[in-house]
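The structure is given below, and queries will be raised subsequently.
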Amino acid sequence: MPKVILKVENLYKSYGELKVINGISFQVKQGETTVIIGSSGTGKSTLLTCINLITPPDKGRIWLEEMEITDPKTDINLIRSSIGMVFQHFNLFTHLTVLDNVRLGLTVVKQIPKDRATDISIEKLSLVGLADKINSYPAQLSGGQQQRVSIARALAMDPKLILFDEPTSALDPELIGEVLNVMIKLAQSGMTMVVVSHEMGFARAVANDIIFMENGVIVEEGDPDTMFHHSQNPRTQEFLHKITELYGGKSE
Amino acid sequence: MDQLSIIWQGLPSLLSGTLVTLNLTFYFLAIGFILGIILALGRVYGPIYLKLLIILPFERFFRAVPELVLLFLFYFGSSFFHINMSAFMAAVLAMGLRSAAYQAQIFRGAIQSIGKEQMKAARSLGMNTLQSIRYVILPQALRLSIPSWSNEYAVVLKDSSLAYAVGVTELLRQGRYIVARTFGNALLVYSVCALIYFVLVFIGNQILKFLEERYKIPGYELKEKKEQSVLERI
Amino acid sequence: MSFMELTWNIIPKLLEGTAVTIELTVIAIAMGVLMGIPVALGRVYGNKAIYAFCTFFVEIIRGTPLLTQLFILYFGLPSIGIMLSPFLAALIGMGINSAAYQAEYFRGAIQSVKKEQLIAAYSLGMKQNQAIRYIVLPQMFRLVIPSWSNELIYLLKYSSMAYMIQAPEIMSQGRLIASRNFRTFEVFIVVALIYLILVLVLSKILDIMERRLSIPGL
């Protein structure tokens, strides 16, 4: 019975009057990929940033394995170094080379000696297919390449869980494929992932669980087969229909 | 306190000094404004020899040489060339031309920020260059320049204190006289002068900020043109 | 004596003054960096008290003429028993003045660092001081270079004010020479040319430095 890596319980977050997250609970088991879908602005990104407390939630509890993230006594930096995050706009450190970008977290946060850190970084960069770019700067790379560096940066920290916040939404269409390929490989190798995305092909290919969020709550949840073909909720059907029309059933 | 009464009694002198300071500032900015616009327009729309032979050397010289040196050059130069010129006049010329060099840069940035398209549109309506500049380009350029111009105002007001060096009886010199006359507390007197400058700068900036808000073109902001070479930027 | 002969005669003395000018400029800009960065950090990351204090400092210094500040230091401080030499007064005045302006440039640079990169740093597990040290400061130093280059040249020019409080820089030397040969205008033409050369050379050096230090995309 695979253990639960991430547990979110009764999460609430409001910005003034706006209730962005209005009572969300779900779990992700080890090795599983959960894809979160929903219209823009329904709090999906906020949900991800709440998980590593970048955005502190108003109410609710979150666990990473047995450690409670929301417990004020927990070392949040320790938790964050075990959760990887990949952003829509890559957020690479513009003043550092690709190698330094991947290596920085290892040397500064995990205090790993430079040689070892370099080895790990190059290994992860090879995994995402960018070993030849280690001395380039982010501005010299395409969007797809930058995002792959971003994934290598998260991987290098040997995380228990990686959160992806619309990783391909800011990419030109031709570049989306290279990033999704890396993500699919990652999912198939057993990484636990939570992905906010519109890429239905990706969801159909590797998701164990799809969560449809709207107005701050989970409208429906289920495995891809159920969600796409036997959904109970008309709103889910409507959304999936629209999304599949727009984005097609892209899968690689 | 005895010291404070010195200040109190010195107020009329300080006030007259302040008026001279404001007077100087006005002339500096006025000359700088008129000449600055001409230089900016000349640089953007004029023939290239004008730019290379006259405008660029002018700007380079008046931006590279310190204000105090410029002041001396005009003050002592006037007697060297047997031109009768008061210290006030020398200051106005020196600092006015210097301000022109800086204001030319401000206006040039604004004009270039507006872009060639507006000029094309005006010309295609049948306006000649002069009319296009007057009715289309300048109104926009002036509005866009207000923030940078506020900075120039502050610089010029503060630099007016340099006129002290050639004997103009502006605020700082009045302060000096008070200290000399009354053996007063120099620290106090000069601090009061500093305070007056501060207030003048502050009030001026507020007025300019008000003008900026009032005449702002909605949706339009000066794009910071990244000058590549250092010499262009100073 | 022709102008060229005059120039030839007075150059050595003027160069002595130039040395002092350069000294003043270099030390003052260094002071400006050392004091400016903490003030900038105080204005960005400090609590209400630190922010207020730093803002007060910056606004007062930037809102009053350098000449007045020099007068306060050189003529004013003796009123409370502190006597500074002309050179020292000029140095302190220019240093503090530069610090206030540089604080603003550094603050602008710090605030230009994209917030998203800080979020990425935190999500890796970095604490705030680590994020400042490894992400904000390195980028701040690069982003500030254009303003800093400008500041260096401004300081070089404004060092001429030290003449007004009798510091032995190039202007004072010029005046001294002129008081003996009465050819004031010509002497100051030479002074102006020296400044021109200094500024042009410095600009070129700074240009090269900027290009060397540039990082694509920053």
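Order of writing sets the labels: A, B and C. Residues in every chain begin at 1.
Everything below uses one rule, namely that a contact is a pair of C-beta atoms (placed from the backbone, for glycine too) under 8 Å apart; a residue touches a chain by one contact, two chains touch by 3 or more.
Bear in mind the structure is a predicted one, so any value in this text is a computation, not a measurement.
Least step count on the touch graph, chain A to chain B: 2. Ranking B-C and A-C by contacting C-beta pairs places B-C first. If you average the Cα atoms of chain A and of chain B, the two centres end up 55 Å apart.
Distance between chain centres (mean CA atoms), chain B to chain C: 21 Å. Mean C-alpha positions place chain A and chain C at a centre distance of 47 Å. Chain B meets chain C in the complex at residues 61, 64-70, 72-73, 76-77, 79-80, 154, 158-162, 164-165, 172, 175-176, 179, 185-191, 193-195, 197-198, 201-202, 226, 229-231, 233-234.
Those residues of chain C lying in contact with chain B across their complex are 60, 62-69, 71-72, 75-80, 146, 149-150, 153-154, 157-161, 163-164, 171, 178, 184-186, 188-189, 191-192, 195-196, 199-200, 202-204, 206-207, 210. Those residues of chain C that touch chain A in the shared complex are 114, 116-117, 119-127, 130, 134-135, 138-139, 142, 215-218. Of all residues in chain A, those touching chain C in their complex are 49, 52, 54, 77-85, 87, 89, 91-96, 104-105, 108-110, 137-140, 153, 157.
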